[in-house]
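Shown below is the structure under consideration.
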Amino acid sequence: MEMFTSIGLNHFLTISAILFSFGMFAVMTRKNAIVILMGVELILNAANINFLTFSKYNGGMTGVMFSLFVIVLAAAEAAVALAIVINIFKTFKTVDVSRVDTMKE
Amino acid sequence: MMHSLIQLSIVVLLLPLLSFVVLIFFNRRLPRMGDFVGVGLLGTAFSIALYIFWTVVVQHYDPAYRIAWDFTWLDFGNVPGVGPLVVKMGIVIDNLTAIMLAMVTLISLLVHLYSTGYMHGDPRYGRFFAFLGIFTFSMLGIVLSDNLFSIYMFWELVGLSSYLLIGFYFEKDSAADAQKKAFLTNRVGDIGMWLGILILYSQFHTFGYREIFENIAAGKFTLSNGWLTAAGILLFFGCVGKSAQFPLHVWLPDAMEGPTPVSALIHAATMVAAGVYFVGRIFVILTPDALHYIAFIGAVTAFMSATIAITQHDIKRVLAYSTVSQLGYMVMGLGVGAYSAALFHLLTHAFFKACLFLGSGAIIHAMHHEQDMRWMGGLRKQMPWTFATFSIATLALAGLPLTSGFMSKDAILAGALGFASVEGGGIYYIIPVLGFASAMMTAFYMGRQVWLVFFGESRTHLKPAEEHHGDHGHDAHGHDDHGHDDHGGSHHGVHEVGWIMRAPLVVLATLSVFFVFSPDPLDGAKGWFMHLVPTPATVVKSAGAQHEAALGVTGGKLLAEAATDTVKPEAGEHAQAAEGHGAASEGHGPVFTDPRQAELAHAMHANHYTAIYLSSGMLVLGIGFALVVYAFGVIDPGKTAQAIRPLYLYSFNKWYWDEIYDATLIKGSMLISKMLAWFDSNIVDGIVNGIATIFRKFAFLNGNIDKYVVDGTVNFTAFFVQTSGAVMRKIQTGKVQTYLVMVTAAVLGYFAFYLVQLMK
Amino acid sequence: MFAMPSGAEIQSIISTLRFGAGYFIPELYLSALFMVLIILDLVLGGRKNQILASATIIGLLGSLFFIFQQHSLPDAEIFFGMYALDRFGIFFKYFFVLCGILAVVISMEDEKLNSQDSGVGEYYALVVAMVIGMMMMASSTDLLMMFLAMELVGLSAYVLTGYLKSDARSSEAALKYLVYGAVSSGMLLYGFSLIYGLTAQTNISRISMELTQHGYDPLVMILATLLVMAGLGYKMGAVPFHFWSPDVYEGAPTPVTAYLSTGSKAAGFALLMRIFFVAVPHASEGVEDMLGIDWLTIMMIIAAASMIYGNVVAIWQKNVKRLLAYSSIAHAGYLLLGIITMDKIGTQAVLVYLAGYLLMNIGAFYVVVVISNKTGSENLDDYRGLGRKMPLAGAALTVFLISLVGLPPTFGFIGKLMIFSALIGKGDLFMWLALIGILTSVISLYYYMFIPLNMFLRESEQNSRGEVKTGMVSNVITAVLMILTLYFGLFFQPIAQFAGYSASILGAVLN
Amino acid sequence: MLSLIVFLPIIAGLIILAVPASQKQIIRIVSLLAAVAQGVLAVLIWRQYDPTMAGIVAAPGGSPVGSFQLIERIPWISLNLGSFGPMTIEYFIGVDGLSITMVILTALISIIGVLSSWPIQKQVKGYFILFNLLSTAMMGCFVALDFFLFYVFWEVMLLPMYFLIGIWGGPNREYAAIKFFLYTLFGSVFMLLVMIGLYFSVIDPVTGNHTFSLVAMADQHNYVAGSILGPGSVMWRYAAFIVLFVGFAIKVPMFPFHTWLPDAHVEAPTPISVILAGVLLKLGTYGMMRINFPLFPEVYQAGLYVIGIFGAINIIYGAFCALAQQDLKKMVAYSSISHMGYVLLGMAAGNSEGMLGALYQMFNHGTITAMLFLLVGVIYDRAHSRQIDKFGGLASYMPVYAGLVTVAWFASLGLPGLSGFISEAFVFVGAFTAPVTRPIAMVSVLGIVFGAAYLLWSLQRMFLGKRKPDALYEVETDGHGHEHIHFHDWNGKLDLDARELTMLIPLAIIVIVLGIYPMPIMGMLTASINKLVTVLAPVAAAAVH
């Protein structure tokens, strides 16, 4: 009963786990490159939630620091990613990842 | 210090080799293609050999005479488990050696002389003498060897030279076949001989006769007695091959493809006799069982080939089969323990058979290479010399008293009778019976031959056209008049051969008369040969010896004596015993350490006269029958042949041995080899190629297959690797999302696996 | 809750940073070089490719001097245990700088790269950035630092891969690399977060202390381990995290392929070794340790899978670059064998193997570039008869491939020798891995040999006889690389010794 | 001196590297000079070799000096392997009875090889560079006394061979080359593992360190108890023995690993066939004698029977396959398989006679088979075909050739007076004397007959009889009524020319001389062989456990 009333560590972990799974799911299933990138963001943020939670429960700032850096990196990654996606669109005339498969086997 | 005789014998050995070396390289550069080199060197060799013969046989006249010399050929150092080990090569000279030495060189010399006439004008004239040289060398090697290893080496060398000489006219396919057949058949025999040698070596780590005999006598032969018998029989196989004994006799008749002088030298006098000589050398280690085996083989050979000889048309083939038959006699003689008799027959046979072959050569030469007796006849007028010598030799072969052949053959038959009686009669009498039967047939077919060749009228013109090229049809009615075309060698060209070919005939004919060998025309045992080459005391424990030992007679002690000197001179008493016809020999009977041998010796003398009467009877029968058939024409051979056609064909086709071997062994091994080759390229290797083909069927799996991928790899892993690769690469779909699925699947998969682990 | 730091603390922080900076000079220097290159790119005009390239090479060579100086410094953790200076790191610093130099050399040769109208621009700067990133991967001792370093490498790598904007395959490779990389690093990060949660630490040595002292929840731990392995495996290109590499290697500009297949792979291994050797606590009995064994089994499976998969699938490749990509997967497997043994000789073996791999792999790619410049193709069938036309290139390529197979007398053989020595030194424990390694290397001979087979044994369809002239410089470089490969195959003592000397992480030597 | 004989060819190769490819004659001459120099050195070595020194294992005290000869021992690599102590690799070469004859043989065959390479026109430069590399590697294998060194030479052999077959070979050369390469590599890679295993199991008594020295490995007392290949570790010792044996057996080649040989021979150019059959095959059996058996004597003792059976299979199986061949060269190739079977059989005997026979057979087979392949090459030059049935009656037209063929053929079928006989004879003597292999020997003698069968049959079909209707040559009759034959597109001398004679005559002389008096070669072997037999003796083997 208590676990439903008071929010504890497990709740946060569960949330982050679900978020991670959503991210993975999006990455694996969505066709649109942009959506895939969003999925990646979800994954990273799931990790962030973990870091924050743990640093809250363990004390100390390391987790927080970590998440800050991750956020920054995510931004950088997105920038590069978008550039590449644009380039793909130029060459393949599509952003459907599943159709970008000239190289295989 | 080397004995002077040894040195001389080495010279004798090397002179023919020298002639070979000189002639093989320089015959084209020398005048007359260098035949004088061959003749000259052989002449020298013969004179030296004669000197040796004189010194040993005439001067010493001692049955126990024996000088030996050897040198270390290979040094194996200090072999673990054996100690210092060396392989020695050496020379031994005893009476037998000296006699053989003289005989071989003499016949070789005569054949050299003869060939200068016979082979004249042949494009490879010089090479012929070279080959004769190497043959003589190897033959002398066999005679002089003092150990099994070197005798085996010379044995094979003899095989080589006979290969070269049989195939001298190698353009003829028949000759090429014959030479191959001869070599291979001999090799089969040699395998046995080699195994026998190996058995003895594996026991004593030596090849020397003397050492081996002494070791066996000293009871150092650790394997079972069966092994010793096996060793004896296996060594005997060497003889079976070389001396053309049943069942390896098939090569000798084909060997007649060689030039006739070769037939005389190799396939009548010397090489084929080597087998008998070798068995004589190892006589002392032959167990009774082995001897029985040998006697049986000999008898069968003698009989079988005699039956075959009856129906042959080719003058040389008849002689060839008679040779086989006579060799059978010798082997039989050894088998029944008539050691001296057998070797005596070896010697006498060498002379008269050589004479016969050279005579037939003269005939063929005169008849422009016509060999079929059916188209000869009446030659006595044109070729008196040949006729005379040929007849003498024939009589010797048939075994007419006053000839050498009579004495030796009679001694063998006596031995056979004695053997049968000693072994307790019964089935053992089959051996003398076969012996006498073949004696009669010998007389018959020789009579037939002489008549067909020398008497009657010339039948050259009867030769039908289709048979002109010396192919002998299977038709017995040779005399029927068909194809009256007068072609080729009608008697115009026929004339006596020149002196150079005549002289050898005369010499050999002379050597076929009794006084050369023994004063008493009826008893060879009185002669010098039987005296100088006595039966050596065996070194193996025979059943009899064990029996007597059991009875308390000191067989063991006697064996020990035998060990000390294996060639104990018994012949002194031996000869006296002969005078008393064995009856008187009770008091001072031959002191054979082995009771069985003693008994045999007694029995042989006991049966001496029986043998004489019987064999003379056979002779009369045979010749008489021949005359009846061919001279007086009382019986028409053609009709008779028809009457007993199956038998006739059986004999005419040589008991079908060639066909049988061809069907079984040759076809068999060819089949096997084809199968194995197929197996090799399709199974062993072709797990590779096979897969390649299987695999190309899978080609739809992917675009192109590099067939070297498949072929190159070694076995099924190739296939496995390939397919697994082909499958795995499918994972690489090129879709990044699939990749991610894979990765996640991998992670979760392992996680699940771990969970399962954790549950436990 | 978070109190502002006092002045004293700030002082101490500053002093720590200043102290650390002294241990950080090569990285700083390279960062400066990075800036310089960018500025050069801006100020220079016209055909500046060669100038930039040579500037990069000079700069990188310069960095070697600073790295050399670090030998005098004692091993130390700096920046609050974020970063370490030790022999292990120094070895990899040398390694990466050389790798960068060679990459630049190849890039200078590659016409496809230099001929594109947009110019090379920041290309070389990114190469340098990658060098920095890889150095930091090899030396960082803190999860955060590791993640940052990996991202630095990753981001520059994405860009480099897609550098041939006009070439569809290049951009496709870039996209795949990006998506795959991003997800993998996400997993890695999630794994890190879990570890952090278990231990409340991010410094690896403290993590191992925590784990040994307080134990841990195996379920979470294994999950974290798997996620981290996924992240690292992606960098190492080991099965089953390798999927990106064939496509990326094929699509990327050849110099970048060479660079990635050597540099970032090595960086991945450096990182793995540091985590594996430090963070994973070892009981006295070493590999039989319970904690270790989880990692071990995972890594053994990965190693075996990589060796088999890489070699088997490579048999089918018709594109030389792709073939080498698969071979690099296989080599990841061989390298893992050295780590699994968890002892000095194993570490030493890995370092030697990497050194050899640097030479032969880059050498092979260099020749591929030289050839594709002439023939305009990386297709196996277009190699027919090249041995006659370009004898030197042919010979060199053969040597490199033989070295990749691991036959004497080449550097590659020494690598294999030491790896297997390490395995067998453990007795029969890892014998099965050794057997797999041996067998797969036979298979590898098979497909590597296709290239010489096509070059020498087969004749090209268009039978244009006579040698193709290749530039003096490229000939010299090819020859030097080939000779080095052979030389170190016979006299490997110096390198092997240096590797042994470097096989100590923060002074701690496994045994 | 030994180093010189090993590396002379490489030096020649480097010189050739500098010569422009157009200067074919210079290139040939340089290689010839190197080969001849090798030969001279070989003779010198042979002269100064002391046959009383046994070799095989170290002299008392653990030092090879006093047991081996011409030793050169230079530390090469020395590494610190942490807990395993220093890893020391030495450049350690020397000769004893096992290797000395092989060294001589290799030198001889190299000269023959260079001479027979003369007609090669395609890429002469590359050819001779590879050729010299190959000959260095072969020589190195025979003199190496350090396992690492041996392994390096062993593997270095593969690549040149691959290219020599693959580039200068016949129509199907790719297949043959790849096959050769994969087979032999497959055999040798496992050797690497065994080598490492041995390294960790053996301590050099002198230095007290682990060592690759084969001399130290040959002494069972130097094995560390508890190490992977040390005493008591039965399973791994058996595994190692088998792995090594297979590795060497592939080179021999032993049934069923032999299928690479016929292909390789059929495709390879004549000189390469000569080298391959003359020297390379011997490396397999040499490796067994030098490494495989002395290092694992107890396994050897246990395996005698198996080895013998494989030997017998080789002898008979090879002979049968040869009997069925239509391609003369393939027939000769299978005859090699058959003859190497004798070597295996002799080694299986495990006594001095057998071992001596085997080692002597290795030498003789080297010379005889070289002759065979040269002769096959001659007719192939003339007729561009080796189909036995396409010839016939050649003896009338090419007397000298036919004569030498007869010598070679009869030497190969083991005719007394020619060297092949003596070795085969003593193989049988040994195999029969040893109770273990006695039955096998009794079966194997059949090989004598079948050997004679296929050789004589081919001899008859090609040289005797008359010209066949579909023969590859025409018969022309000149003014004097002499017949001559003419091969299509062959304008050289019909019968053997000077170069061919200079290759064949010395071989023939060697074959004959060694057939009559073997001691010049055999004398150098006996001490080592006896030593080897003592090392392998069951008592010594029992000491392992």
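Which chain is which? They are A, B, C and D, in the order written, and residues in each are numbered from 1.
Here is the rule we go by: a contact is a pair of C-beta atoms (placed from the backbone, for glycine too) under 8 Å apart; a residue touches a chain by one contact, two chains touch by 3 or more.
Here the structure is a predicted model, which is why all the values come from computation and not from measurement.
*Asks:* Contact counts by the stated rule: is the higher one at A-B or C-D?
*Replies:* Greater number of contacting C-beta pairs: C-D.
*Asks:* Averaging the CA atoms per chain, pick out the one whose centre lands closest to the mean of every protein CA shown.
*Replies:* Located nearest the centre of all protein C-alpha atoms is chain D.
*Asks:* Between subunit A and subunit B, tell me the centre distance in angstrom, where each centre is the average of that chain's C-alpha atoms.
*Replies:* Here subunit A and subunit B have centroids separated by 98 Å.
*Asks:* Provide the C-alpha centroid distance between subunit C and subunit D, rounded to the nearest whole angstrom.
*Replies:* Each chain's C-alpha centroid was found; their separation is 44 Å.
*Asks:* Using Cα averages as centroids, what's the distance between subunit B and subunit C in whole Å?
*Replies:* Here the centre of subunit C sits 79 Å away from the centre of subunit B.
*Asks:* Any idea how many Å lie between the Cα centroids of subunit A and subunit C?
*Replies:* That gives a centre separation of 26 Å.
*Asks:* Among the residues of subunit D, which are close enough to touch at least two other chains?
*Replies:* If we look for residues of subunit D contacting two or more partner chains, we find 174, 178, 182, 186.
*Asks:* List, in ascending order, every residue of subunit B touching at least 2 other chains.
*Replies:* Expected reply: 702, 708, 712-713, 729, 732, 734, 736-737, 740.
*Asks:* Could you say which residues in subunit A touch two or more other chains, in rising order?
*Replies:* 24, 27, 36, 97, 100-105
*Asks:* Tell me, which pairs of chains are in touch?
*Replies:* Every pair of chains meeting the touch criterion: A-B, A-C, B-C, B-D, C-D.
*Asks:* Taking the touch rule as given, give the residues of subunit D at its contact with subunit B in the complex, in rising order.
*Replies:* 174-175, 178-179, 182-183, 186, 255-256, 258-259, 263, 317, 320-325, 351-353, 356, 393, 395-396, 410, 415-417, 421, 425, 428-429, 432-433, 438, 441-442, 445-446, 448-450, 452-454, 456-457, 460, 463-466, 517-519, 522-523, 526-527, 530, 533-534, 537
*Asks:* Would you tell me which residues of subunit B are touching subunit D in their complex?
*Replies:* Touch residues, subunit B against subunit D: 73-82, 85, 149, 152-157, 160, 167, 170-173, 176-177, 180, 183-184, 187-188, 190-191, 194-195, 198-199, 201-202, 205, 669-670, 672-674, 676-677, 680, 684-685, 688, 708, 711-714.
*Asks:* Would you pull the subunit C residues touching subunit D in the complex into a rising list?
*Replies:* Answer in residue numbers: 343-345, 348, 388, 391, 398, 402, 407-409, 413, 416-417, 420-421, 424-425, 427-428, 434-435, 438-439, 441-442, 445-446, 449, 452-453, 456-458, 490-493, 496-497, 500, 509, 511.
*Asks:* Could you pull out which subunit B residues touch subunit C in their complex?
*Replies:* Against subunit C, subunit B makes touches at 702, 706, 708-709, 712-713, 721-722, 724-726, 728-729, 731-732, 734, 736-740, 742-743, 746-747, 750-751, 754-755, 758.
*Asks:* Show me the residue ranges of subunit A that touch subunit C in the complex, using the header's touch definition.
*Replies:* 13, 16, 20, 23-24, 27, 33, 36-37, 40, 43-44, 46-48, 50-51, 53-55, 58-63, 65-66, 69-70, 73, 76-77, 80-81, 83-85, 87-88, 90-92, 97, 100-105
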